[in-house]
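Labels for the chains are A, B and C, by order of writing; each one numbers its residues from 1.
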Amino acid sequence: MRLRLTPRDDSYFEMFADSANNLVIAARLLVELISDGADRDAIGEKMRACEHAGDERTHAIMRRLNESFVTPFDREDIYRLASCLDDVMDSMEAAVDLIGLYGLERLPKGIIDQIEVLERAAELTAEAMPRLRSMKDLTRYWIEINQLENQADQIYRRLLANLFSGEYDALTVLKLKDVIEELETAADAFEHVANTVESIAVKES
Amino acid sequence: MRLRLTPRDDSYFEMFADSANNLVIAARLLVELISDGADRDAIGEKMRACEHAGDERTHAIMRRLNESFVTPFDREDIYRLASCLDDVMDSMEAAVDLIGLYGLERLPKGIIDQIEVLERAAELTAEAMPRLRSMKDLTRYWIEINQLENQADQIYRRLLANLFSGEYDALTVLKLKDVIEELETAADAFEHVANTVESIAVKES
Amino acid sequence: MRLRLTPRDDSYFEMFADSANNLVIAARLLVELISDGADRDAIGEKMRACEHAGDERTHAIMRRLNESFVTPFDREDIYRLASCLDDVMDSMEAAVDLIGLYGLERLPKGIIDQIEVLERAAELTAEAMPRLRSMKDLTRYWIEINQLENQADQIYRRLLANLFSGEYDALTVLKLKDVIEELETAADAFEHVANTVESIAVKES
């Protein structure tokens, strides 16, 4: 471990944890959305509020970065990690927005598997963020996120194949495809967060 | 501000400004393209020339980078900024090419809003590039590009919803969707340029 | 050239060459897949094995990175190059998987041009990796990959236009579009590998 002669600004770790906790809330809104009798308008509104709160947090990290002399790790890595966390939120919000925009009453049943993977990935990410402080015990997090992403891939491809099973007309296929692609993008974005954490750990090691 | 003991190679700032000015020309070709009675073939040709000129500029930046001992900011950031500017051009050119390729006679009216946002983003970017020299007054640029990108998102989603309003058959939806997605990618790419500038400023601050 | 006071860990160059050679194998499986009378199930299986082997190599590079004190170039560049090589494999594997998943018996003839470009790009990449050691003679590689990517773009767009020529119904267009888009993503990913090599060379120059 490197000697640090200056006190580190630990508020970054709290801000990253905050951002990741916000992703847990968003993932749970997705779970709620696909439950029977869900009030989709209300959930859509909460999701937009969640995305707005995420933006606020991202900007707070950027502002802090502009004012800090000493940072716990490279400035550009802090920047990239904040951006990656933001990307996850954007995709989850976009999925909900598309469902409303397209007026999709009925979603394919398998979409619940996609969303449960996102919920788990959000929880793992939120648990890992505080460990950035010590850079310890992060290996397990990467491995689990990678496994989840592989699982998400499988689920996504199965859902894709089902879309073309003959149940849906071409326009409906197009709409549903947009939604499940956005959810797949969210799963990929969780992996980008984990990759960014991994590359930070590699540099600091 | 850091002391600089060596003279900086200021030609980079001019090359970035050149690249960004080229994006303004490209955005105005898009505006022309959707005007009544536009000569689409001629505009397509001009757009390809524009993209070619952009490639030349990008390569000039890369060549200069290979020959410079001192650079105004990190070599990899110069590299990334040049690539991001190039990405914007690629998407605008691809949109025009797809319109020709698909033989799309009639474009949805709302596409003009998408294109006007791109024109404004190009102008803001061209105005900001010379300010890289002093790294001053860039905050306003980021904020405005971010606002434009949010606006572009809204426009894009409204256009998407309109595609499915029943006016178009599935194959036409597919074609138009490719075009408006490419324009949305261009808007995102302008944000990547702004993010790159922001991350450079963060490192240099 | 910089003086190096410590022995460099040259195993990275071998691992990158290994990864790139694996891409050559994968590209040749794509060629095989579109040959008359191809055993698609067997090829799909081989492709998955190939992708798995690629993952193993990527992880070996990451593990080595965690254990190395001295690296031949910046740790984050090694990380990024490994990731980019992995991305190429993922897209090639995804294309094969989609063909199986969608039960696409007949593929458009022009797809062979796309795949031949990928094969050539894989070979060029595999030839270039050992030259990372000396950082010499890499310019030719970038130029050729860039030309191939331009060629791939042209082929891709021609294929796109053909999809809409009236030969296929909307659902079939959607399926085939996914496949040729994935192959186009693989061509782009080869360019990202070349760009990463270029940016490493720029930093080391």
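As a convention for this text, a contact is a pair of C-beta atoms (placed from the backbone, for glycine too) under 8 Å apart; a residue touches a chain by one contact, two chains touch by 3 or more.
Note that the coordinates shown come from a computational prediction; the quantities given were computed from them, not determined experimentally.
A.B. asks: Which category does the touching pattern between chains fall into here: line, ring, star, complete, or other?
C.D. replies: The chain contacts form a complete graph, every chain touching every other.
A.B. asks: Upon optimal superposition of subunit B on subunit C over Cα atoms, what rotation angle is obtained, reported to the nearest 5 degrees?
C.D. replies: Best-fit rotation on C-alpha atoms: 120 degrees.
A.B. asks: Same or different: at the subunit A/subunit C interface, is the fraction of residue numbers used by both copies above or below half?
C.D. replies: Counting which numbers both chains contribute, under half are shared, so the two copies meet through different residues.
A.B. asks: So, what's the distance in Å between the C-alpha centres of subunit C and subunit A?
C.D. replies: Measuring from centre to centre gives 27 Å for this pair.
A.B. asks: Please list all residues of subunit C that touch 2 or more other chains.
C.D. replies: Residues 170, 174 of subunit C each touch two or more of the other chains.
A.B. asks: Using the touch definition up top, name the residues of subunit C that touch subunit A in the complex.
C.D. replies: 62, 65-66, 75-76, 79-80, 83, 97-98, 101-102, 169-171, 174-175, 178
A.B. asks: In their complex, what parts of subunit C are in touch with subunit B?
C.D. replies: So the residues of subunit C in touch with subunit B come to 157, 160-161, 164, 170, 173-174, 177, 195, 198-199, 201-203, 205.
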